[in-house]
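Here's the structure we're looking at; comments come further down.
Which chain is which? They are A, B, C and D, in the order written, and residues in each are numbered from 1.
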Amino acid sequence: MTDLPDHLLAGYRNFMTGRYVAEGDRFRTLAREGQAPETMVIACCDSRAAPEVIFDSGPGELFVVRNVANLVPPYAPDGEFHSTSAALEFAVQALKVKNIVVVGHGRCGGIRAALAPASEPLSPGDFIGKWMSLLAPSASAVSGNALLTAGERQTALERISIRYSIANLRTFPCINILEGKGRLKLYGAWFDISTGELWVMNRQTGDFERPEIA
Amino acid sequence: MTDLPDHLLAGYRNFMTGRYVAEGDRFRTLAREGQAPETMVIACCDSRAAPEVIFDSGPGELFVVRNVANLVPPYAPDGEFHSTSAALEFAVQALKVKNIVVVGHGRCGGIRAALAPASEPLSPGDFIGKWMSLLAPSASAVSGNALLTAGERQTALERISIRYSIANLRTFPCINILEGKGRLKLYGAWFDISTGELWVMNRQTGDFERPEIA
Amino acid sequence: MTDLPDHLLAGYRNFMTGRYVAEGDRFRTLAREGQAPETMVIACCDSRAAPEVIFDSGPGELFVVRNVANLVPPYAPDGEFHSTSAALEFAVQALKVKNIVVVGHGRCGGIRAALAPASEPLSPGDFIGKWMSLLAPSASAVSGNALLTAGERQTALERISIRYSIANLRTFPCINILEGKGRLKLYGAWFDISTGELWVMNRQTGDFERPEIA
Amino acid sequence: MTDLPDHLLAGYRNFMTGRYVAEGDRFRTLAREGQAPETMVIACCDSRAAPEVIFDSGPGELFVVRNVANLVPPYAPDGEFHSTSAALEFAVQALKVKNIVVVGHGRCGGIRAALAPASEPLSPGDFIGKWMSLLAPSASAVSGNALLTAGERQTALERISIRYSIANLRTFPCINILEGKGRLKLYGAWFDISTGELWVMNRQTGDFERPEIA
């Protein structure tokens, strides 16, 4: 008996007999030469929104941070542990990625929590409450609008949070400088898990639009 | 022109004309009924170690946190933002996952940085230095061992860090309680990107072993 | 020379040599027996959003009111002239339609005017200003949200206005009674002129969703 | 299940698989550049007299008001809501249309109501009675003429109402001025739904004549 959940062991077997047969050379090259991804993705932990699935990406293609609600906190060099900021620093300074893409998605549980009326924390540490409080000002601006449906408030905050994370990316000096020099580009996208549609943020207007993929 | 890197747009096109055709019903059901993953994975941002690839997992299967070196910080209910702790709380308390798997991998850049002699930080914020300092006691114990090769020190710390993260998981009261009741199981695994081999942590001994998958 | 703009004369010629050849019997029957449309549509004057085009409807199918921004004013039996209320009364009481559909659309100039800061009226009568002031409370709730893009504010108000018109339909006693008896149904839809997509209002939630038409 | 009457959903499917395939580029251009119709049409709500059908018009061609009996009320800058006047102001001042065409039709139910002896209102609000009272002086002059048949009285009032609406258009200062400068033209037409024939108003005499279309 192996100390791994059965579904993971079965999945790993599929990987070894399927994808790894085709991509083994690519994995070996990447092991030898190191990774050099062009693109960093900041995505949500949600089990329905894996960036490698949505973008059908291969080994070595995407450097991926995943946290609840794909948030980037503002730059804060305060000596604390900052998981997302550490990953950003590594991607931008060590790997020298050319693109950072913030990928949000529909029906996000973190966003729903941010819009819900203040309630009991999930645990005494209230980590999720504290984490989602990054979005509190935006959330209150949206949740107070009774003319929008619950679904519309949810979608609105999901998209606002993507723009918020991109704005916070620009508070990091190294990102701001590299973007100014044209060596780093910032993007936003929103994935509709019910339809499979990807909505891409227009970098001029901030609007989300469906790309032509035909 | 679409505001998305070309390789992502091309990948998304593949997803829509390939995998989404086969899995659209699953996505629609997951959108309607919500996600209910049994397993949370804590993995590294590395572009060569995506858990959905290694475990060939489908939509709705894995709730995934990814940070540099797949670290879980110790429980610290201090009112600060804690990305990984927030995701843990959400997975355990809201989604009620049954398994948490920490997945490390070979040739990890974060682990390499932790083993390197103190050097210039990547940026003035030194986020990666601070983040990897979580492993500093383990790293110094390993890096001082001249009997191990550089490769052996790297692999040793990669595996030590998985056991460290699992130990930190148990500092979270809710995880500790649920594991005690048998309702939550903690696992470790290490992925060798050069061979595609997965080494699974023996939960009795902490050793990493290759599962039989034939 | 005929006293009609050339493009209308040319179009009429196409109608007579094309569609009328195929549908002449239908027109003759409708002339003899009178119209008996099942559905009333309240749509915008916009030249890009004709309901007969969007719904590919034939003669006798749709009883259509068109005004700027597809608005239904609230019930006001005050002895004044009420163009839309007169049409409603005729459709519901004389024609006994079974459905009333409010059809809004993207990039609506009336909605844009409602969201614009107070400006000079288009003419001393300020008819458009007065007409769009029906939406003023909704418009100010939306226009004050700086977290939304201009495009998002526009779409939000377009959809809010559809729900507003439907709510106003229910202030008409005869509509309210017939809906209660299940003899009249109220619907909303929003047409995206840039993609040709129709978004249908979910009558439970008020959300707009794309119907499956494959 | 979609919240839309079946015949509309089926019609929309036809639109998307038919006309939109051919005219999608035109819709996209119109979305991007905005509408710029040359012609405004004031037509009746009647389900048998859709101007886009009679004039075989394409997207972006006609800005259309539809109310019962295609009436234009006289200019009345009284601060009340005026649906038709608002649309006129928008068409003339914002869109700067070059033509306004009032299109009446045979067997118009609104005209029939105006000619009927005073009867019970359709509802306590009597909106249709009030609306058609705009035509009361004309209607009483016609209905008292025992030498005309009922059919002749109906046709006579249908055509009188077109001339009445055109006269009312000229009570709007901006329309009067632009017509005087030759920058706006006013037209009338009457559609015979039983034969498909269009009768165009001679602008010198006010007579309705059949255009040569061969």
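In this text, a residue touches a chain if its C-beta (ideal position, glycine included) is under 8 Å from a C-beta of that chain, and two chains touch if they have at least 3 such contacts.
If you're wondering where the values come from, they're calculated on a predicted model, not measured in any experiment.
Student: So if I look at the partners of chain A and the partners of chain C, which chains show up in both lists?
Tutor: Per touch definition, common to chain A and chain C: zero chains.
Student: Hey, how far apart are chain B and chain D in touch steps, shortest way?
Tutor: 3
Student: Just send me the rotation angle from a CA overlay of chain A on chain D, rounded to the nearest 5 degrees.
Tutor: 30
Student: Measuring centre to centre with C-alpha atoms, which chain is farthest from chain A?
Tutor: Checked the centroid distances; the maximum from chain A is D.
Student: In whole angstrom, how far does the Cα centroid of chain B sit from the Cα centroid of chain C?
Tutor: For chain B versus chain C, the centre distance works out to 53 Å.
Student: Mind checking the centre-to-centre distance between chain A and chain B? Centres are C-alpha means, answer in whole Å.
Tutor: The computed centroid separation for chain A versus chain B comes out at 15 Å.
Student: In chain C, which residues are in touch with two or more of the other chains?
Tutor: 195
Student: Make each chain a node and each touching pair an edge, then name the shape: line, ring, star, complete, other.
Tutor: Topology of touching chains reads as a line.
Student: According to the definition of touch, which chains form touching pairs?
Tutor: Between chains, contact exists in these pairs: A-B, A-C, C-D.
Student: Residue numbers of chain C touching chain A in their complex, please.
Tutor: Residue list for chain C touching chain A: 138, 141-142, 145, 147-152, 156, 159-160, 163, 195, 205-207, 210.
Student: Which bits of chain B are touching chain A when the two form their complex?
Tutor: Listed in rising order, the residues are 2-5, 7-9, 11-16, 18-20, 24, 27-28, 30-32, 34-35, 37-39, 45-48, 50, 52-57, 59-68, 71, 73, 75, 77, 79-91, 93-95, 98-99, 101, 106-107, 109-110, 113, 122-128, 130-132, 134, 172-174, 185, 187, 189, 193-196, 198, 200-203, 211-213.
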